[in-house]
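One structure below.
Order as written gives the chain letters A, B, C and D; numbering starts at 1 within each chain.
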Amino acid sequence: SNNFFLLAGPCAIEGEEMALRIAEKVVEITNKLEIPYVFKGSFKKANRSRIDSFTGMGDEKALKILRKVSETFEIPTITDIHEISDAKMAAEYVDILQIPAFLVRQTDLVVAAAETGKVVNLKKGQFMSPESMKHAVTKVTDCNNEQVMVTDRGTMFGYQDMIVDFRGIPTMREFAPTVLDVTHSLQQPNQSSGVTGGRPEMIETIARAGIVNKVDGLFIETHFDPANAKSDGANMLDLNYLEKLLGNLVAIRKTVNSL
Amino acid sequence: SNNFFLLAGPCAIEGEEMALRIAEKVVEITNKLEIPYVFKGSFKKANRSRIDSFTGMGDEKALKILRKVSETFEIPTITDIHEISDAKMAAEYVDILQIPAFLVRQTDLVVAAAETGKVVNLKKGQFMSPESMKHAVTKVTDCNNEQVMVTDRGTMFGYQDMIVDFRGIPTMREFAPTVLDVTHSLQQPNQSSGVTGGRPEMIETIARAGIVNKVDGLFIETHFDPANAKSDGANMLDLNYLEKLLGNLVAIRKTVNSL
Amino acid sequence: SNNFFLLAGPCAIEGEEMALRIAEKVVEITNKLEIPYVFKGSFKKANRSRIDSFTGMGDEKALKILRKVSETFEIPTITDIHEISDAKMAAEYVDILQIPAFLVRQTDLVVAAAETGKVVNLKKGQFMSPESMKHAVTKVTDCNNEQVMVTDRGTMFGYQDMIVDFRGIPTMREFAPTVLDVTHSLQQPNQSSGVTGGRPEMIETIARAGIVNKVDGLFIETHFDPANAKSDGANMLDLNYLEKLLGNLVAIRKTVNSL
Amino acid sequence: SNNFFLLAGPCAIEGEEMALRIAEKVVEITNKLEIPYVFKGSFKKANRSRIDSFTGMGDEKALKILRKVSETFEIPTITDIHEISDAKMAAEYVDILQIPAFLVRQTDLVVAAAETGKVVNLKKGQFMSPESMKHAVTKVTDCNNEQVMVTDRGTMFGYQDMIVDFRGIPTMREFAPTVLDVTHSLQQPNQSSGVTGGRPEMIETIARAGIVNKVDGLFIETHFDPANAKSDGANMLDLNYLEKLLGNLVAIRKTVNSL
């Protein structure tokens, strides 16, 4: 099919039951809508604002849950890595290695991911232009790994706001499949509380603008109970709204594909 | 119909023949596509970067051309005003008075426009948030003129670039019909030459993202020969591409309206 | 002397007694510190966020107060103009005509000011680069008026904050005497209340950084009772702190002049 | 004394002779001016724009050069770390561990640095507000390490420019000694070439604005031959200009200290 794909899941893996329940629900929706689906979960959170923030339940344990999700539903999985040594370890469990936005300029880390032979998803730094992501992509392809994609997660706009520059979608699609991360694009960083805020009511606005411009994939963090998620709750999509959202987006994409 | 409307024309009125030719072509296209059309032309350009830039062919003469376009094709017209005294004069010739982005904080000017009883189109300052446009709208409605709309023309992003914040569309639609100015949103200001640059290849990207988010109208400057237009040539749409662009947008809007 | 000069006063002229009291106090301080002083007062405020904001006590009356301040203390005065017709009128009463930041791209207004033969103070738009102010300066000198200066009042940084780019001071000093407006540089615009906020505790930080980089003049709005000023109270300097501030700045400038 | 301190050196350690020659020259100057001096050199460069950029001469070898510089001139040294495992290794050779701006949100890395007991220098992310650095500082002090300082290296301003927000100096000095990195604050990132540009002619402008606002230290990359430095050449200070620059700054600081 000619549909967009979906990277979705909770932000962090909080436990096996939670992961399986979320995956099951998303699989059901994406099967119905014929959306290729990749389950996303972080096996640790290394870049929290405050030291008392939740940082994960333990590396190996979380990676095993990712594998179990993959085997149970026969879907690929993606996780993010933060240290060179994470690359090899995570590559044994998941299909796509993601380089976080803050770390996309760390050449050693990108190369370590590329050398696993897995697909590499490079998040655009909040401080980077769409054009400059070409250099990050080249770091992967220079390792003889052509399986690389990029993800826009918004750009710094003043201290406490982010903006999505939709000119970046056609720009980045010229050198790699491009994903739009609607969850993190709506962050409101640098809040005085030390907890990142968000504007989840704008998820569909941002998602539509991407889909209508032929973005290849969407990245959405979703949870049955965003208010109680252990991280990124401020921007997560309530799983109960996912089907309606994706249904709208599929209809729009079909029209776009027909033009 | 439930379609978007179009404000379009050359940037400045350069002559009667040119204005009529452009209007004729756009009328033909918009009739076919059932898009309500308003002819746009500036009767003077007061805010050029350099003193040697073209500033118009003479107020009265240009306004008369606007009226002639209106009568010839039975379409409404819009022009922008820069001084309080412009309001009354222009109101005798056109249907919509537009307050330029740089001037939208000039209370006296907004009030003068409002008091003519004409429709007032308030452009969002490059330096203003979508939310703050509510105060500008209130200045019009406080004059007992409910016919007010707002137009986003992009927001400053560093010295030499602009960005469109699509969160602004649902935000501003809560208090007024909202137009997206795809021409000026793609400006690249503060170039060392003193001539504003642009990225016209991104017109459809920006327009689609607006249409899919239910923007009420589009503002497009167009010309048979953008390279030789006397102002804003860098971002104008070649009139030969307008029909294809609008056709795509109408198809997208139909799908959106059906969701 | 080789000292910086000072443009200072209340934001708007609220009454004769108030104006004379403020001028008297500032004259006393600047005489002691050998700082050339220009009294600043707006005869109307045309660009308020909300229509119910104070917009002035009446043009002619306020201009006469400016002249009275000038004659009483034998000091020059400055006021800002918003319409072409203001230029001639204000030029009969004051020594320097100021073009507000929002209006500095209005060629007709700049030319009208230049043609009075008075000194013209061009405020840098919040949306303009320091380099691009060269074009505004040229509009004045092209009218055979060489008496032109520029004033930095900060640059947009996200929707609700401003930033001073100190690289702009040496840049703009290459084409005109340059003033740093410490009051408006600290504005926090686009607040949801419709009333601009501020960070007056940063006045000395910003002023010092300008003085140490040889800015030619400072612009400071000051009032005996900032909390009750009719406009811009959020950033005004309490007049009781002015002497200490200026004393520090003069000491720093003396050292800089000796390097 | 009450003077500011200096972190300075080449960007990357390119070889022993080069390091010793630079250190010798800076020691001579800072001794004369009574400026406490810390030699700075990166033992590897992990975050280059392009994979073919120079990334260092080898970890252990470069760290030994840092130690040799320290022993030869009896001065402390600083280097930056990029992986958790770097912390322990580098701590055996240097006195201050620096967390790069892109990595300052990586909790594990900050904690690893803190737990060595060495002084930790946290660079402010280009995407962070001065206020939000408080959370980074707390991550260090929560490890019972009170020896922490922060360094401003500019803030993203559009895609291809950076800006220094001097309000950040008093803000950050409230929770930690604050350094101003004049070299990286003048970067011009995201250039189409993949090589970061710069504006070294603005070094003294930025440095003066920091010194006059009581910044505790300055960070300057310097080289006998910036054009041929293997990284960051675009913003490095030619070592021949260092004495004149520092002399001016010391004079200014003395005046400031006397106020």
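What we mean here is this: contacts are C-beta pairs under 8 Å (C-beta built on N, C-alpha and C of every residue); 3 or more make two chains touch, one makes a residue touch a chain.
Predicted, not measured: the structure shown is a model, and the values here were computed from it.
**Student:** Please state whether B-C or A-B has more C-beta contact pairs across its interface.
**Tutor:** B-C
**Student:** By mean C-alpha position, what chain is farthest away from chain B?
**Tutor:** Computed centres place D farthest from chain B.
**Student:** Round to the nearest whole Å and give the separation of the Cα centres of chain A and chain B.
**Tutor:** 37
**Student:** How far is the middle of chain B from the middle of chain C, if each middle is the mean of its Cα atoms, in Å?
**Tutor:** 33
**Student:** Going through chain B residue by residue, note those that touch at least 2 other chains and give them in order.
**Tutor:** Residue numbers touching two or more other chains: 157, 159-160.
**Student:** Report the residues of chain B in contact with chain C in the complex, numbered from low to high.
**Tutor:** Residues 46-51, 53, 55, 82-85, 102-103, 105-109, 111, 125-129, 131-132, 134-135, 138-139, 142, 155-156, 159-160, 189-190, 192, 194.
**Student:** Can you name the residues of chain C that touch chain D in the complex?
**Tutor:** It comes out as residues 157, 163-167, 169-170, 199, 202, 205-206, 208-209, 211-213, 248, 251-252, 254-256, 258-259.
**Student:** Could you please specify the touching residues of chain C with respect to chain A in the complex?
**Tutor:** Chain C reaches chain A through residues 157-161.
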